[in-house]
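One structure follows; several queries about it will come next.
For reference, chains read A, B and C in written order, and residue numbers begin at 1 within each chain.
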């Protein structure tokens, strides 16, 4: 009899262990995971472009990990990403005028938020905000600036489905994300050649939540990192009129061919050292809010 | 006492049983009546299908033709449920005891009770210990089957077979592979169970001396038929060549010494007609 | 009959095995409702089949995770993305290695035990004895072991995967110095509950558990009641299970992913 009971208890333990392992897999290692840490406080920071920053990416001060990214969302009606940083209670003395910057570990590495101390006597409190931020910069933008290839591109968008003409879409294909300030807001529905104009026309489906995009916004084909997949980035314009279903984005910037860039770079010759420096330090453009 | 009793006295009636296994006729229109409340022995040369006959009676095997009526029910036609219901009233003692190796002696004997009843633990305990006492192994209740000798295992199996107080017990070679002491113990148990509980017993065995002590009636089967039957004292006297060979223990006779083979001289490579 | 078997070619024999195995599955499924009253027996089998396999599953899971992480670290360091190594460990384990390796180990540890046990029960007439005690051996012997295999495999696979991730973390973070947060953040950002855990870990291991348990019970049940028959059946359980697991894995991957 006692034999039977011990089987039952052992089997029960086994089943509990199995389910505990499943719960661990599902909650700690998958996208369901929304890990609450011990004692921490939340600080807001808004960025124009978060690039590849992900939830739970580290937050560092002087290279020391002090917390992690809690959530990333788009600020309603604005082309700005709202990032909530969860910072350890042990580091509660961050000056209110500190600067939050999105850095990349190396050229292809993961992105993280670095905080550089300011000089304010006041500290950011729980729920407070770091007003000074610096965004990441897409590699194309840095490269094109560097080569003087005319900063931002030119194009237009709409609310439900909009089209955009590109002279070159690179490897952009249907299903690729459409991003604004680094946050996905829709996807590419189709890419096909336009026989009359001899260029490519891409149809973009943009989420209805984002219907406040000025009609003079630009669409550009960017690459995630050096060898990543391509996506369409929308850079907001200043027009009071918003994009509507069926509109065409006039301002576009085609995909940069890495070969072209490198070719140009080699012909220019002289700029080598600067290029490396710029690319490596992800040239900051102050984005104040 | 030739099988002349009235039909109600017959617990098992077999009529025209015919079974063909891999091309060989094991039973050829076999008829047999086994009386209620008696000890009946089925004997015969090895390979005549005595164990197969027991399997037919319990419905483990089905014949190609014929009827087997056990307690008024025709076994080959029973549904699974009805067959299982019938089997609860039949005890079966296997040649190698067939104790469940996972359980100790107590649980082995308690197994049928646990499966078919919802008796309280106290009652199960009492029933099991009673049966173990009957076979003289109450002290061995906590042993595992691997710790038992062959004779002990057979007595445990017997306790298990009678735990439900069956109306019929089938013994498949109960005397094989045990020493004379254990053999006599089993013999005594078969007799006692038959006399005290009125259980009908059917034995399949070869041991003539043992059978003579215990059986009321003997069937001798060979070539798929009953070739002789009668009580132990008279069966050997019916004069047929089968009984003479079997009970006389002659090496050659209707059961040939030689397994059927081709011409001997030819097999040895001698020219036909002799060397 | 033996002579005819020998004349049959391998394909005919394999097809015959698959066919009778399928019919046996139907018998087991039909016996499952009847086996519910033997719940205790199922629990006992779950102990033998599942809990007793834990040690080997946990050890192997840990080492698979550790070695994967080590290999990936060296390859990914060429691209400066070592922090993705944990993610690759997790995804590779959830989708493929976890279910497949667990199932192979399960076939070797529990499958052979089931085959040998049932084969011996048949050889020593225990199965026949149950029949004669009016206990259906399909419901009492076959179905509980089948159910136990079906339940144990996903649980074992979860434990395997958890240990693999832990092993990867051990090597990656504690030894090679990958950032702890990045390790987890990449993993949680990439691993999807439905795609990777439910359809990878759970569905696959359920299917593998059913296949291994079925083959093991079938081989034991149909083993010739001799010592060499049982030994041969045990070998066949491992061979047939391994082939079935890998073939089924391909089919499932094609359908699920």
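Simple rule for what comes next: a contact is a pair of C-beta atoms (placed from the backbone, for glycine too) under 8 Å apart; a residue touches a chain by one contact, two chains touch by 3 or more.
Quantities reported herein were computed from a predicted structural model and do not represent experimental measurements.
Taking the mean of all protein C-alpha atoms as the reference point, the chain centroid lying nearest to it belongs to C.
Taking A-C and B-C together, the chain pair joined by more C-beta contacts is A-C.
The chain with its Cα centre farthest from the Cα centre of chain A is B. Separating the centre of chain A from that of chain B, both taken as means of CA atoms, is a distance of 83 Å.
Averaged Cα coordinates give chain A a centre that lies 41 Å from the centre of chain C.
Taking each chain's centre as the mean of its C-alpha atoms, chain B lies 43 Å from chain C. Residues of chain C that touch chain A in their complex: 40, 43-44, 46-47, 50-51, 54, 79-81, 83, 90, 94, 151-152, 154-156, 158-159, 161-162, 165, 179-182, 184-193, 196-197, 201-202. Chain C meets chain B in the complex at residues 1, 120-121, 124-126, 128-129, 131-136, 140. Remark: chain A residues 4, 7-8, 10-11, 13-15, 17-19, 21-22, 24-26, 28-33, 35, 54-58, 65, 68-69, 105-110, 112 touch chain C in the complex.
Residues of chain B touching chain C in their complex: 22, 58, 60, 84-85, 87-88, 90, 92, 94-96, 98-101, 111-112, 115-116, 160.
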